[in-house]
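Following are the structures in question.
Two complexes follow with subunit A in common, the first pairing it with subunit B and the second with subunit C.
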Partner chain A sequence: MGKGVAITGMGIISAIGEDVAENYRSLISGQIGISKISQIETVHKNEIMVGEVSLTNSELEERLGLPKNSWSRTSLLGVIAAKEAVAQAGISDINKERTGLISGTTVGGMDKSEQYFYEYFENNDAWHHINGLHAGDSTQKIARNLGLEESFATTISTACSSAANAIMLGARMIKSGQLDRVVVGGADCLSKFTINGFKTLMILSDTYNTPFDENRKGLNLGEAAAYLVLESDSLVEKEGKEVLGYVKGYGNANDAFHQTASSDYGDGAVLAMEKALKVAGLTPEAIDYVNAHGTATPNNDLSEGRAMLRIFEGKVPKFSSTKAFTGHTLATAGAVEAVYSVLALQNDTIYPNLNFKTPMKEFELVPETELRKEQLNVILSNSFGFGGNCTTLLFSKKA
Partner chain B sequence: MMEKYHIESYCRIKDQRISLNGATVFESAETNFLPFIKEAYKTLDTQYPKFFKMDALSKLALIASDLLLKNMTEKNIALVLSNRAASLDTDRRHQQSIEEADHYYPSPAVFVYTLPNICLGEISIKHRLFSENGFFVFEQFRADPLVDYADGLLKMQRAEKVLCGWMDLDNEKYDAFLYVVAKNGIFTHSKKKINQLYQTS
Partner chain C sequence: MKAVYINSVGSVSAQKTFNNEDFLEEIVTYNDTTIRVIEPDYKAYITPAAARRMAKGIKMSTVSAKTAMEEAGVENIDAIIVGTGLGCIGDSEKFVSAIIDNKEQFLTPTRFIQSSHNTVSGQIALGVGCKGYNFTYVHSAISFESSLLDALMQIRNKEATNILVGGVDELVDHHVDTHRLIDHIKHKPVDSSQLLQSNSKGCVMAEGAHFFVLSGQKQSSTYGELVAITTYNTLSKSVLSEKVSQFLGQNGLTPEELDLAIFGNNGDIDFDSYYELLGKGIFKNTPQAYYKHLSGEFDTASGFGFWLAAKILKSQTVPTAVKLNQLEVSRPKTILLYNQYRGENHSLVLLRRC
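After this line comes the complex of A and B, so read on.
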């Protein structure tokens, strides 16, 4: 059984950049991606701010050499990010080793379904989008565009922890020897479906989101795709590959509290962090930085803050949420933040938790508000989803 | 040698019939899903008023899982479910509420169910399970990923038991097939056996 799960490639497209390098530049220069919505016509456009990828569908299609209006935006973003990850990993023949694809999504092709909802009855031009609605469709398109033939390809749909769970499953399959290499991550585009839904839950902020601040007003929805290539030790050794970091630990637990809200004291979050530390064989003191879920909803930040106080017994390491840069990218959040965590390890850099002013009245937790250079060895990243699905991932410099 | 795991129990809800370990426990002439599952809820003496607030997929999952978990004392049970339609049945209801300009009223009570794994949350809440949850979307029933996931969880001692299966519901078509994997049980835990139970139960 292999000892480490190596990360050899990463790809991302988000509101703060079209590739990994651009995302990193934005993170260290404080360049945020939150704005008024421009790509979707919605009645809520004046009341919300979002983290949109700046490219239009046509521009994305052009980049992929596709005819106009071929795919859902989820698939367009997904293929671009997955290709970048595979290119960075220096994979020339993807079918040479047992390579899998595990992708998380929640909206799938909902963007096109809502656009053509009535037209389906009237004409046949948009019928290809009917099959594109299925959550597994974007995964199939990514697999095909990476050139994967006979391989393990699956879709995980566990709300906002989907991509984190894809990374966890991929790491496990490498560890147990079921796969030699696996592309893991997620893709979700903005849609009226999610905008309206989150609006009814009254957890959307009408301004820039402010994670862990006493006066936080809610989240900004975002869109993104992000993927990592995980490889076994033996494959890394055989090919003499450069390793960007390791997936050191992972844990998932259910909060068993409410369909969408987190429990008051973050029971599921505590369990997920505990499990991840156990898998890694580490104590809480080993954590140098926490990339928090930190959505900036009143409920999440209080519950997550309390969970951190519990697991670290009051001595919470430096932490920040990068949601103020990207918005909450739903199913993709775990992969976006995995990429950011690996970049943090590579550059020994802690990102600022933007827009923070006032500590919450319930406790004295203060996130990092300035960019900080510091030796980082292990990073903990949280992703919590509706349905009580809580996942923690640990990333490390060394195996 | 690799430890062999077993299927401890299984159930099925399909075509107006509910069975547990192959034996029918409830049957109805009711062809529509919602009245059917309500009748089942009463007959099986489920006694869980939150049931009435749930969407159709969660109702199906709750009744099915209850058959297997009702008398179980073990709480370290991971949940690994899969289906084809994800939460499309409820997604459509939410979508319609946005599209209809005259009756524009997206409801939070509907929106919270627009993810397939919410039914895992409902099972976890009912049975006080704080264990690992996974939800997969496949084109059709596939035993192999479920078997691999369950074996992995048990081998690495992440759970004592795993509740696995298929939980699909869309446009009045429903099909629930659940089974519990444990150290001891009636059948060997294998792809072949699971496929056979799915085909015949």
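After this line comes the complex of A and C, so read on.
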């Protein structure tokens, strides 16, 4: 009871870096990835800021040795990040052990689907994208490119908690002995679909997002892919693997309040955090740092802040949101922040919550605004999504 | 190991399945390339005001989920797990076309919100006030099976007692039209009773919603036991028989001992050979059944297969319409479901009478 699941590899591509090392350098040097949009032609380009991966589709395809316009950007980002994770875990034959792949995505191949929506009926140039729309397609492509065969591969779509849930499911499957090893995470690219969708909800900021600030104006959409490799204790022991950290706890709950808004006092969030602590066998005092969901929407930050006050009974540990660096990477957010949490544990470093100036009027919570070196043993990471989906993950240095 | 029971079923499909009293006594045949569900009287389940804004996937799921919860006699559940290949894709398509047609102007949020794949599980949670575990799997033909596997794991590990598990997908025009371009959907209508003789590429695309209450506790409504599930992202024909035998073996059965094999044949000349390989091979002396001539094909059509297996176990009868060979089974105790779509995402699900 309470034993963590080993993390042996990580991979990421985001607006602040093309791999794990580059992401970490950006986090500790305050290098943000928020800019005007450059890779999607949209009428909203002057009203929004985004966290875009700087590489173009052609550059990503070149890196993967693919012909031009092969895949959705979701799949391109996903394969790059998943390969980095598998390489770091030192896996040479992925089919040697019972290995699975669990990926989260919300848009799947929507970027191509919206591009060729009418053109499909005019010519057959892009017909290879037709079946790329469904969310499972990116996962199948990642599996194929990792060489994973005759194995468990599935996709989760619980909005902005998708990848966090992928990590949770992976940990559960290792713990229950269904798998020896599993690649978990998520991938989501920017698309007109999400830009316009969030625009209609009026929660997009026209400037740099400011998590937990009284004057926050909303979120910046981002894109990213991030994966972790989880392995069973026996496999770690057998192969003498270096363990980067542990998935110590996980909790999933539903807010059951509103399809797109969080409840005023974060009921679902409180339940998710409670469950995660229970799985880990830890009390709230054990948490050294919270990597908050902190999207910088008025609703999320208020609800999450109150939920933290409830779960920690007023004594909220040091916390920050890294969304000011990356934007809100939707399905991938939980995996991006899992990678950042493990890096935080490895380096005993708390990242700054950039752009924070004024505490919110509803409470006195102040996030960490400077980079801080401090011994960290357990980190709590939140991811919340539409549909009331709330997930909390706990990462620890020791099993 | 803790047993996992199927305590209730709920189905909205191309057959008259929404009433649990019926069991394919009357078969509706089709002659088309796409099939829509036979719609229940939604008014009996959803207020007209709410129904107006609801995506069809949500409506079908609401009826199916309510039916399952009522039959199981539960007012709330510990977890909601939904599988869907495409979510409420009708709303996604309308939102995308509106973006293009209106040049990203004058858009409203409802269609975008309902486009989120987890809309159905979120709506059910809202409807019943369930704050428990809530998950949505979106992996093509194993979306539903991923949900079953998750539920099985939770009940076995005593993390939950009653779980609402379902699969839902809707049929929409743009998706059909584009997928017909690439031969995933048949070009010419097929008489549903002749589906397996169609001799053509692609499937007959349909829609449906199937929900079940899985439980750690047996009760009078129980249909049977869910014994095991496994899925494979790829599986070649050369190892298929071996993998199936292995799966049965892990559950203490040989292919000869199995009472009924239910296959996911969809009449696609390029991919039904997987089922034929088993039907003429390790299961040649085993009674066999199929169902996609009744349900049509969709990512969660295997939910209809699971419904069929549960109904067979409870009623102890195999409806004539689903029989694939002449072999009879008088008292079906063990049923294996095998499904795949276009040679990918294979699943094996084993059920047992209890």
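We adopt the following convention: the second predicted complex is superposed on the first by the 395 of 399 C-alpha atoms of A that agree within 3 Å, B and C clash if a C-alpha of one lies under 4 Å from a C-alpha of the other, contacts with A are read in each partner's own complex, and residues count from 1 in each chain.
Simple rule for what comes next: a contact is a pair of C-beta atoms (placed from the backbone, for glycine too) under 8 Å apart; a residue touches a chain by one contact, two chains touch by 3 or more.
Keep in mind that what you see is a predicted model, and the values were worked out from it rather than measured.
If you put the two complexes together on subunit A, you find that subunit B and subunit C bump into each other. Contacts of A:L101 after superposition on the shared chain: subunit C is touched, whereas subunit B is not.
In the superposed model, A:H44 lies in contact with subunit C only, and not with subunit B.
Of the two partner chains placed by superposition, A:S58 touches none, neither subunit B nor subunit C. In the superposition on chain A, A:I130 makes contact with subunit C only, not with subunit B. Of the two partner chains placed by superposition, only subunit C is touched by A:F121; subunit B is not.
When the two complexes are overlaid on their common chain A, residue A:N215 makes contact with neither subunit B nor subunit C. Once chain A of one complex is fitted onto chain A of the other, the partner contacts of A:E149 are limited to subunit C, with no touch recorded for subunit B. Which of subunit B and subunit C touches more residues of subunit A: that partner is C. Of the two partner chains placed around the shared chain by superposition, subunit B and subunit C are both touched by A:L169. Superposing on chain A, the segment of subunit C with clashing C-alpha atoms against subunit B, chosen from 127-135, 181-189, 271-279 or 325-333, turns out to be 127-135. Shared contact residues of subunit A, touching subunit B in one structure and subunit C in the other: 43, 106, 108, 110, 113-114, 117-118, 133-136, 152, 154-159, 165, 169, 172-173, 176, 178, 192-193, 196-197, 199-201, 252-260, 267-268, 271, 385-389.
The touching residues of subunit A, counted against subunit B in their complex, run 43, 106, 108, 110, 113-114, 117-118, 133-136, 152, 154-159, 165, 169, 172-173, 176, 178, 192-193, 196-202, 252-260, 267-268, 271, 275, 385-389.
Interface residues of subunit A, counted against subunit C in their complex, comprise 42-44, 101, 105-106, 108, 110, 113-114, 117-118, 120-121, 124, 127, 130-131, 133-137, 139-140, 143-144, 148-159, 165, 169, 172-173, 176, 178, 192-193, 196-197, 199-201, 252-260, 267-268, 271, 385-389.
Contact residues of subunit B toward subunit A in the complex are 79, 84, 86, 88, 91, 94-95, 97-99, 104, 106-108, 111-122, 124-125, 128-139, 145, 148-149, 152, 155-156, 158. By the touch rule above, subunit C contacts subunit A in their complex via residues 80, 85-87, 92, 95-97, 99-100, 103-105, 107-109, 112-113, 115-119, 121-123, 125-126, 129-140, 142-143, 146, 150, 153, 156-157, 174-175, 177-179, 181-182, 184, 230-235, 239, 243, 299, 344-345.
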